[in-house]
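You will see two complexes here that share chain A, one where it goes with chain B and one where it goes with chain C.
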Partner chain A sequence: MSTTTADTVFERPAQRSWLPTVAIWVVLLTVPLWLPWIGGYTALAGRVLVLGLAAMALNFLLGFTGVMSFGHAAYFGLGCYGTGLTLKYLSDSTPLAMLVGILLGGIAGTVFGALIVRRRGVYFAMVTIAFGQICYYVAYRWNSLTGGDDGLRGFQRQPLHIGNWIIDIQNNPVLFYYFIAAVFAVCIGLMAFLLRSPFGRTLLAIRENERRARFLGIPVERHIWLSFSISCFFTAAAGSLYALLNNFADPMTLHFTLSGEIVIMAVMGGMRAFWGPLVGAAVFVVLQDYISSMTVNWMSFIGLLFVLVVLFFPRGLLGFVRAYSEK
Partner chain B sequence: MDSRIIAGIGRRSLIKAGVALGALPLAAPAIIEARGETPVKIGMIDPLTGVYSAFAQSEVQGAQYAVASLNKSGGILGRQIELLVEDSANDVGTGVQKARKLIDRDQVNAIFGDVNSAIAYALSQVTNEKKVLQIVPGGHTDPITGKDCKWNVFRICNTTTMDATAISGTLLEKFGKRWFFITPDYAYGHTLQAAFVKNLKAAGGEYEGDMLPLSTSDFSATLIKARAYKPQVLLNNMGGQAQINCMKQFIQFGMNKEMALGGALFELESILSVPPEARSGWWDMEWWWDQPGVPHVAEFVAGIKAATNKPASARHWFGFVAIHTVKIAAEKAKSLDAIKMAHALEDEVLPPEVALQPGKIAYRAGDHELMANIFTGEVHPAKGSNPASVFTTAKLVPGEKAAGPVADTGCHMTFPSA
Partner chain C sequence: MLEAKAVTKSFGSLVAVNNVSLAVAPGELRAIIGPNGAGKTTFFNMITGFFPPSSGEIVVEGRDITRLTAQQRVELGMARTFQITEIFPELTARENVCIAVEVASGYRLRPWLSRAARTRVRERIDEIIASAGLTKQADRRVGELSHGDQRAAEIAMALALKPRILLLDEPTAGMGEQETFHVASLIRRLHKHSGYTIVLIEHDMRVVFNLADRITVLDQGSLLAEGTPTEIADNPAVQSAYLGSAK
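Up next, the complex of A and B:
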């Protein structure tokens, strides 16, 4: 009996058709063609991808390892500040700035993670919030370096130089969108690869039954720590892109309210589905964009939607669609 | 046969189709039909939620009042004006995002904003990058028209230096040289306190103070500290709801019997929200509704009262002037091009029906700061039958005098080559 459960849990990704993946990529790559026709703009699509990446990175931990972090904005924000500070003070190389941002957020996540992983459940979530808020207050109070509450201004993403080619992501929003899409593709490709590896399967085993995994001799803490660290590196990558998207970094990117929003995106989209968080992020960002122009109470609508999703589609929007199509 | 299936379509499919149809307008805004003349679009970003919401609402109402009256008389360049209001939620990141949305999606001809200095400052980077005219109605921090001034950014409210300089002499003279500051920890507070400290030190005074987050609601620790320091005057530099909360606690602690109150801004919206005992001290007003004998003022005050049922405040005037500024710029430049409008505005004197105060009020070419008068005087409980009679102007300080020469602001204005 237990084998059947394990089979369904483990084998589903392999059995999945490649069709949805292709469909998602076709939609993502043609965005600049159709988005203006339905009243969108390219920067909005960029936001969807960036927050989608953050939500998918969180879901690596939440959906595939089974532990809840409420402090992921910290690593997103550190990625953001790392990139912004590098562009402002050190170098005008976009790739170098991104590397610094990713390393800053990722290494902070790895260090904090080592201290957090021995806790479980609500304690784990609370400690992640605490570490996140430490980062927020450092950025908030360190006026001379980070600009404090005013945010970090005075940097711009720079064109990419590849050999003799110059890709002007600075002034061409469509090129910059494709740059985000390329980074997004690399990140989620790596995540998908990791999830299909024996390491990823071990994470699923921990999610399904931690005690059994421990009895099988799996070093559970070390695996959760690694998963936390990997998740933070990808979240920092999203933060780094966010700094480039806005040419701006502000302390609210480190605040736990953003952590909560990332969790909402992941849960709303469907945390057991690989693409679920991207769908959640798209719904969240687009709704926020439209409704916030109409009413200042836009958050109530997101809240209402979230409640409805949790009540009626506990597997999230994508989880519901998939369950329905398999019926 | 299943009776629920009608013409081969299941009940569920029917419901789903209905839901999908119903949701369609949500997915895409209705496509606007082609019109003979497209409106002049102005985007206004203000913190409609958060501690500054009262100020933001007044600014928006002032702008809406101006739009309504101008649209009746031909709008701008014969085109109607469309005001698109966005909430920055008092958060810099949200404000920046809204500016990109208004510029990229709505293709606005000008951007107004924001009450919050930090957001106004951050917006100036975005509007400059996108080459869109920006009017800052009410964000005071110095660098916006100082060391970070930009060719496309014009400001209506005063700089923090102007506000501090206008009132410092009065505070020193009336109360003494021992001051305590309660200051918000962001762009506005930093430059405001620095300006006050500069004036205080020049007079040989001493001070202490606390920098607190803008959204602070409990001031007890700071007020205890202030009481122990025994200052002659407490400068409450907080803004909006934070300033109101601080004033209420100041009264609850009975500190109004121990020290005077004063500072740069204690705006009409805030005065009306504090208990009568807290309505005291010497302050700046950036515009005041009670100006007997000054043309057009009474008309504006009555218009705002009729439109909003509120007394006209400086914030209403800021929003009103912002809309008129775009009109003046566009009609002088005969174009909505940002560079041409910016050139047109330099040293352009506002007509009396817009200036609504004595003297020649113009955007100074050197730093794009509006050289408006500063009304310094005393705040008191309402006098007579009008509940808004809570301030008496003692002195009108001309903008140029409070601002000092352009060279002192650190602004070097450069235009892009067209």
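Up next, the complex of A and C:
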């Protein structure tokens, strides 16, 4: 999990690339110990991880394939509703509910992706918004199934049963935080693994220079499609965790404002850095929590911060830290 | 090896390339020259599959490739470079070549490689980097390299595809004396020592007359002349196309 282009064929200074990974994991795993001391609560840390996962999943497409989607809330929301609906109507198995949510969001992304990969740039971004809004209005209007405007209530995450062991993620927020962290670890581990592979390098190639990639013999559309699908599956995984975190599925999780927020997190944190979107999500979520307790206009403050970051640290917060530490 | 038969391309009412034929023999270095707007790049784009000709045929080793996509042509062994260097600027020279090697080895969808495959890829990268004269710059980002070295990196990527025909669109465009010399000697080395069949478009006449086995001259979309460098230099039609008709 190097912070740059991540690869296996080349020898790079190993220490440096492992340092941020170790540092971030130390922080993430010790959060429940120190967060209450500085006035936070564990569910807030869970939110950071969930939205961080969504932003990193978006960044698989945005930062490492060079393709912009403004509609990732669709897959996040489908993951969220898929999980919520399964828990409410079908089964009391948390893993099964997650699987349904992930498949729903991921497959929707895969099918939709196949239709749009020939579009580029603004056109691609626009159709992704449109698809997201379709999903939003379906959830918004389909009262009997989704609860409409009020959102989907009446389900709860269930304890995990592993053999004779019961892990009570339902009532123990710290255990649930570690459950989120474990899912997060698996997801970003898989993404990092893919980015280090020959397949991952073809995505970098497409980001860097699509024409060159094509004339090397890479079927660019097919690879963008794969990247889009992978990104949607992991975004849906984040959405699924979000349903468990809140015991609630909100139609706003499908709305394009969330798509925009996920993009802001990725760009603010640094989309060329593997961990950048997580940093962006942490800043976003913590600021939102802090400022929204004082004013309803919290978004204007985050907006201002975003503008300042883009103006002064065009490579994002983590990109800036990295460039500074390499000097 | 490579043959174009009466190839024509028109954009609306503009005929960019008109009825041009040429045949390149294996191991030949062919230069295509002509004044600005002569249709050289358009002709090149049809050969490499950027767009299809309006009429005519393109044949490689006896096979009609007129309707094949760029990617299919790459698989048949046609690799090209562009007038404006097309590289992966934020990646190192080694990474640039690595991507090309992996794609050429059929690994583009692999989520991992075996140790043996990795070793093979690494050896092949070293070999190509060395033959493009980039060993010293291998671990620098290509976006930071000199113009000449960027071109060398682009050619290195083309070599990684194990091409049977190398198509170079103005390899020395926008370069100074030193860099032009550097790239020209790289091309000469690839032609003479490695035996590549090369077709290139070039503006710099010293490069053309030093390197080419045969020269094709285009003017206003049509074939004006073809021959050895000495024949072309002595051709009055070519002289007037380049110097303007001195009536």
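Note that in this section the second predicted complex is superposed on the first by the 311 of 327 C-alpha atoms of A that agree within 3 Å, B and C clash if a C-alpha of one lies under 4 Å from a C-alpha of the other, contacts with A are read in each partner's own complex, and residues count from 1 in each chain.
Going forward, a residue touches a chain if its C-beta (ideal position, glycine included) is under 8 Å from a C-beta of that chain, and two chains touch if they have at least 3 such contacts.
What you see is a predicted model, and the numbers here were worked out from it, not measured in a lab.
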Q: Scan A:L204 for contacts with chain B and chain C and give back first, second, both or neither.
A: second
Q.
For A:L194, using the defined touch cut-off, is the partner it touches chain B, chain C, both, or neither? Pick first, second, both or neither.
A. second
Q: Report for A:R214: first if it touches chain B alone, second if chain C alone, otherwise both or neither.
A: second
Q. Which partner does A:D149 reach: the first (chain B), the second (chain C), both, or neither?
A. first
Q) Between chain B and chain C, which residues of chain A are contacted by each of them? A) none
Q) Okay, in this complex, where on chain B does chain A touch? A) 26-29, 48-49, 84, 86-87, 89, 91-94, 96-98, 100-101, 104-105, 117-118, 121-122, 125-126, 129, 185-187, 190, 213-214
Q: Would you pull the chain A residues touching chain C in the complex into a rising list?
A: 5, 7-10, 193-194, 197-199, 201-202, 204-205, 208-209, 211-212, 214-219, 223, 272
Q) In their shared complex, at which residues does chain A touch chain B? A) 38-44, 47, 140-141, 143, 148-151, 153-154, 156, 173, 246-248, 250, 252-253, 289-290, 292-293, 296
(Q) With touch defined as at the start, can you tell me which chain C residues reach chain A in the complex? (A) 48, 70-71, 74-75, 79-80, 82, 86-92, 94-95, 98-100, 102-104, 107-113, 118, 121-122, 125, 139, 154, 157, 161
